[in-house]
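Across the two complexes that follow, chain A remains constant while its partner is chain B and subsequently chain C.
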Partner chain A sequence: MVDIHLDAIINGRKVSRDVKPHLRLLDFLRDDLNLTGNKEGCGAGECGTCSVFVDGVLMKSCLMPVAKAQGATVDTIESLAKSGELSVLQKAFHKAGASQCGYCIPGMVMAATAALRANPFADREEIKERLGGNICRCTGYQKIFDAVELARDVQNGRVPATALLETDTADGEVIGKNVRRIDAPSKVSGRLKYAGDMTMPGMLHVQVLRSPHAHARIVSIDTSAALAMDGVESVITAADVPGKDGFGVFVHDQPIMARGKVRYVGEAIAAVAAEDALTAKRAVAAIKVVYEQLAPVFDPDEAMLPGAPVVHDYAPDNITKHIPIRVGDVEAGFAASDLVIEESYSTQAIEHAYLEPEAGLAYVDHDDVVTVVSPSQNITHHRHMLARIIDKPISKVRFIMSPVGGGFGGKEDMIYQGMLALLAMKTMRPVRLVYTREESIISTAKRHPSRTTLRMGLMRDGRIRALAMRMVCDGGAYGLSTEGVMRKAAILAAGPYAIPNVQIDTYGIYTNNTPSGAFRSFGALQTQFATESQLDIAAERLGLDPFEIRRINAMRDGDMTHTKQKLGSVSLMRALEAAEQASRWEAGAPTVRGPSRGDLNHDDVRPSVTLGTRFASGDASSEAAE
Partner chain B sequence: MLICDEYLTPASLDEAFAAMERHRGRYRVVAGCTDTLPWAREGRAGDVEIPVLIDVTKIPELNERHVGDTRVRLGAATPIQRFLDDAALGRAMPAMPRCAVWFADDQIRAQATLGGNAVNASPAADATPCLEAHDAIVELASSKGRRSMPLREFITGPGKTQLAEGELLTGFECDAFPGYGGSFEKVGHRRSLVISVVCLAVMVKLDRDGRTIEDTRLAIAGIRPVPRRLREIEDLLRGKPLAGALLEEAADMPLDLVQSRSRQEYRRDVVRGFLVRGLIAAAKRAGASPDALTRELEAAYG
Partner chain C sequence: MARKRGRGMAACWYGIARTATVDRAAAWAEIDDGGSAKIVTGVTEIGEGILTVLAQIAAHEIGVKPEHVVIGDNDTARAPEAAHAGASRQTYMIGNVVALASREARKRLVDVMADMWSAPAETIRTGNGEIWAENTNHRITMGEAVACAKNRGVVPIGSATFGTDTTGIKDGKGGDGSGRPWQAYVFGCQVAEVEVDTVTGEVQVLAVWAAHDVGRAVNPQGVEGQIEGGVVQAIGQGLMEDYQLKDGHTSTSGFAKYILPTSLDVPRVNSIIIEDPDPIGPLGVKGIGEPAMVPTIPAVMNAIYDAVGVRVFDLPATPEKILMAMREKDRRETMAPQAAE
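Let's turn to the complex of A and B:
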């Protein structure tokens, strides 16, 4: 490789050094200069966590070869609060609560800074447009736009600078008050270190070999060529696991790397620790695996048929978990009903898409404590599982939870921490693994795809007499949280409605698809999508107002749920009323709402999607005839 | 991951040609890199090892800009953002600022180049239909000499062009259309950073009263392998009084425009709406008489 000699001014300091020619500006800033405030969220220019100023122009540093910064002035998020004093925009983000996980926020602050530089009087729509290259997964953007508007108004003197400060809370009361988040300054300044930002002296970089096959027996793994490469410190496979391999939230069916066979595309097979990520990547490519293809099964309904390929020997019927609930007599309920509706519903796999891809750092400390630092959402459970897997007493295993750059349930599973612990033990050096966005999407858990059939029996007045639901979920190749998801799905399937006769069956099924796991709402979404949709259909068929049919069936204070939980207070009626008002609901059956509907086109309703507000604001002097 | 052993930034065309000759068979020419870097990732090309990358964005000729009364010449390394920053350029190419605002996002268009958009020859490219509407001529150069050809001949299919081995796209020469109103209609899955499902460039010139269409240019992309000028519609509109019925007649011409592999019916609906909406917007920016188009028409296509 021919190094580039780079001369640049970075955050006001002269930098002159040799850099590898294949680095992107982002790599150089983060890895060579340790300026980790700007993050890598996607590596493909989609998310904007890496946005930095190059000669005063905001650029995505993941799309810029470092050589392009030759002679340039580069400013990162670290330049905005150099002496520790936050910029007006950063203070406004703090004040407005415009940070949750914080991972997108350095990029957002940079984009907002660029937006107000381009037009100090930009209105909210123009701010939205100018921030269009940056993605946030947590906030829903409104607080971010609030923050930029607040900063704009303070900068223009329309609002006093005191508006950026904490609202006085007399006598120190905070409950019910709008207080600033205590962790926001670290996020708006980029100073908060996520796992992928952390380094340790002597640290090795980890890359993972993943399965190209959905279902195959592993005949042999030859790591000799990889191990022989310069800079490769260790290569591990399932054979290196010293203890009882297997993790999972309910059933420990997943080895830390494929053992004997692979069960989905993207499953980890081997991991390499090397002096740098590129060497580790090349070593991964040098590992030879011989597979014997097995028949795969991708459809959960097919997986339940006799003779279907078996994913796990312990579950010959491929059922991860079946949760049945029986209340009353549904057949009698249907017989007594005036109307019986039967429909099918399906939902698809969904990626959590947290802005922070999985990352972790592991080391063995001076007291031989195996330590894993990662954004795990369940460190105590992980610690217990890992102790068994690496055959150590619990006192010699430590988990440190790094800031979670978005989880939504997707970081509950111990998918990669076992490999890191093992490599730290093998090499006795710190090791770090940072997933690419693609790796995160390919290999980690998704929301359970579902197929639901729902029968609902109702009386003419709208009361539900009976509900029978059968939901089959694709749990994918490993159990993870499937059992819990099926439980919650079943418990909440009938919704907040008093129904005398209920029959619910939820099934989590093994297939050779990407594993399904925890995801916000944890199964409730899938079953309630069916129940709520069916209530709308029922309202139409019975000529009832959709809100009314829900009120008729609502559980009240003191009611018993169909899983025998007594409810002290039920807020459903208040929630329905609030939703009815906020949506300007026009009372009546769904069929009576026509072209004269009055709920649309109000000032607080967002207009159709377009771009170009900056032309209207006069910024684009390039207009021909306007 | 894009891996190279050497990253060269030639300062002149001659230096670039020498490097291309020296590393024949081992190099790739890059400009803004906003497509190349995402291409070299898992799911697309994967990890790509190219011994030598030759970055042409620092070559002065590729950054030239000349805006005349009738012609515009732009170097191939012109960043898309320039159409928003350079008022004179925006006046000469009135659909282009509207196109630029839809192109990727504020940050990527500071880096992405006009030449890269043409050489990539994506059926969904945003800038190429605009260039096509300007009858753009591409200028090519190699160590052996120079040649030029119309953009419509240069782009031969998805990802395919007439660029020869050892040759660089150096610039574009376009007709200038000062006084025209421009519009650009685009739809994708979201606003920013989105690949066009349909995109349409429109320019309209009206008479002094804003009532007669003196000239118009339309080109569409995203719905067929290469961008297409809509000369049939231009011919229909030219010289006619501006009226809603005329615009709808133009949109209803049976041209069989949609030849994409997917979502044909949806695209047909979009194309019809875009044609009317784009013509309304461009006509208004060209100074259409306030009573030439009815409010109902605008509401229907807004």
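Let's turn to the complex of A and C:
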């Protein structure tokens, strides 16, 4: 590969350099120029975190070959607050609380800057359209729209610039005030360094070999060809683990790389550290693995049947965890009920889709402390597990939590930090691993897909007499947080209702699917979806308003939970009343009243849109051409 | 009418902090030279805004401005254990422990000043970067007070640990699940207004009213941010997201196939914050991260039913599923009179 010579104006400075022709503009900016403010969220033009201006036009720099920037003027997020003074829009993001994890924010600020340049008077609906190419997983977008509207109004002089300043706390009271986020300036300006933005002198790059099979015995792994390649420093497999291998939030059933067999597609098998990522990638391709296929099991109900393939020897029935809850006698409760409703529900696996893919650095410091820097949601537990895995005292293992570009539970698992630590120990050099979006999706935990049957027995007056729920969840190939998810799901399954007879069973099951793990709302989302849907079915059958049936059954101060815990103050009635009043709810049984309701379409409801027609009038790329 | 609107609601409850185990966290606090504060604890920000919440709490307890609070890095070799960033536990566990550590640091400083001014410690007040003795002329800056303390050989520091009075649940063989999994519970309720296109099956969630008890809102804007983000993630799961596997291989390994909510898909979220203070912790705070997501999906499904009379039991409620259910409903309704004969 012959380098090309690039001349361009980048953030107002002339740049004249030899560059590798296979690079994308994003790589050149981030790796060669160390302009790491703009991020790589997907590498496929879908998320907008890499958005920059090329000759004034908003572009996704992950889609642009660097050669295309020849002679161009390129502005990155770093150009907006060059002197350290934030732009009006950046200040508005700060003020409005528009950044959470911050990973989407540099791209979002670029897109919003383009939007207000294209139309300084854009209304909220137009702003939404103009930000349509940028994903944010944290904020729900609302505060981002607020920020752009605030910036618009300040720029147009409709609102004084003082509206951007800190909330007044001169009275000394700071609790209950909208103090601006202290981490926002670094996020809106792209100055905050996430793990994938960090480098260290002498750093090696890591790539991972992953399983193409869902269930197979590993007959042999031959790393010799990979090791022999120029620029490859080390190749590791499970055989290199010095201590007791295994991690997981509850059971430590997952080796840091597959040991003896693979249990899901995408499972790590070996890892390479090399001078650059491309060499590491080539070395991964040179590792030879011989597999012997095993019968897989993909359906959790089938996995529970006798004779099903066994995923882990320690759990011959493939049950990771069963959680029972028992109150009273449900059969007697159903017999005494006026109405019994039985329905089935299911929920799908979903991906956390934090905009920051997994990334981390590891090194061994001057005191021989093995140090891992990563966006871990649980450095405390990771340190315990890693110490055991690499056979070191806790004091020789150090975890540093780098800024987390979104977690939602997905960064509680120590899914790659073990490989990093081991490679740092083997090479005695700093090592860095940055996942691609695809790697992140195929190899890390999902929300537990669930199948639920729910029986509910009620009296004519709406009181729930008995509730029985059975939920089977696909936990996938490893335990991760499954046990805890099943527990929380079960404890909260019957909802905040006083019910004399309750029977809950939740089952987390091993299969050869992508592992399921912690995900915001941790099982309670699945079970309460069923219970709250069924309460509306019951309300319709009994002719009761949905709020009313919940009030009739609501737990009150001092009531017992289904785990027989006495509650103190119960705020449920207040929450019901607040939502009912704020929404001006029109009371009535849920008998498909929708079209005839009188409480629809007030001014705290957004306008509906005709999907697909909004972009018909102009293409998105013309928006920033001033 | 091709588009029909409807409304639905759902309630929820949630436990705050780690489940069915003893949760704990620790923190260190120091009132630093110049009257700023330094807080070190083992876990903080994953995007929810906890750094700012902790700065507000320390500022409130010590009596300095939030912008004068520095929060140390999360580093297992340099900070006390505070466990994980999850379980909606940060404001509750870390917030409360930072309050306690800040109180101890403040007490060290207050004791020095009380002695210097010959005033009872209970009459010493701090706030907004100043320290004074009630009903006297004694009033100096926190920076000056720190210098006084140091001249007397005292560094105003504090440390604290906060643990929960909780137990496991009896979930072994034959167990009934009884136990005390959390010491703080929160409750919430959401209403959703949707519009269903009866031709395409497309559902738009136009508004959500979300009322949630958070104990005490340290930063209301941050609470709203959690509710808005949670509602939209739930809409993603309710209507569009789907990680698909066939024989263990996924067909949704990128954002082209794995569809996420964008700015065009989100409702207007109207948050109503309810404060029913936790009686156990020193601050009254509870949590919001996860409960915000729980009632959204059933509220939306109930609203879809209200609009067009079909209920989706199998998530996500894609346009295809809505259309199929509507066709099935029409078929049943036209069959019904004959069947009755």
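As a convention for this text, the second predicted complex is superposed on the first by the 604 of 626 C-alpha atoms of A that agree within 3 Å, B and C clash if a C-alpha of one lies under 4 Å from a C-alpha of the other, contacts with A are read in each partner's own complex, and residues count from 1 in each chain.
One rule holds for everything that comes next: a residue touches a chain if its C-beta (ideal position, glycine included) is under 8 Å from a C-beta of that chain, and two chains touch if they have at least 3 such contacts.
All of these numbers come straight from a predicted model, not from anything done at the bench.
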| item | value |
| --- | --- |
| First, second, both or neither for A:44, with chain B first and chain C second | both |
| Partner chain(s) touched by A:132 [first = chain B, second = chain C, both, neither] | both |
| Chain B versus chain C as contact partner of A:64, first or second or both or neither | first |
| Which superposed partner A:484 touches (first chain B, second chain C, both, neither) | second |
| If touched residues of chain A are counted for chain B and for chain C, the larger one | C |
| Touched partner set for A:412, first chain B, second chain C, both or neither | second |
| Partner chain in contact with A:438 - chain B first, chain C second, else both or neither | both |
| Contacts of A:601 with chain B and chain C, given as first, second, both or neither | second |
| Partner chain(s) touched by A:247 [first = chain B, second = chain C, both, neither] | neither |
| Which superposed partner A:22 touches (first chain B, second chain C, both, neither) | first |
| Touching both chain C and chain B, counted on chain A across the two superposed complexes | 44, 46, 129, 132-133, 438, 442, 608-609, 611, 614 |
| Residues of chain B touching chain A in the complex | 1-7, 9, 30, 32-34, 37-38, 41-43, 47, 53, 55, 57, 81, 83-84, 86-91, 94, 97-98, 101-102, 104-108, 110-111, 178-182, 190-193, 285-287, 302 |
| Residues of chain A touching chain B in the complex | 1-2, 4, 21-22, 24, 43-46, 48, 51, 57-60, 62-65, 67-68, 70, 111, 114, 129-130, 132-133, 278, 281, 285, 436, 438-439, 442, 608-612, 614-615, 620-626 |
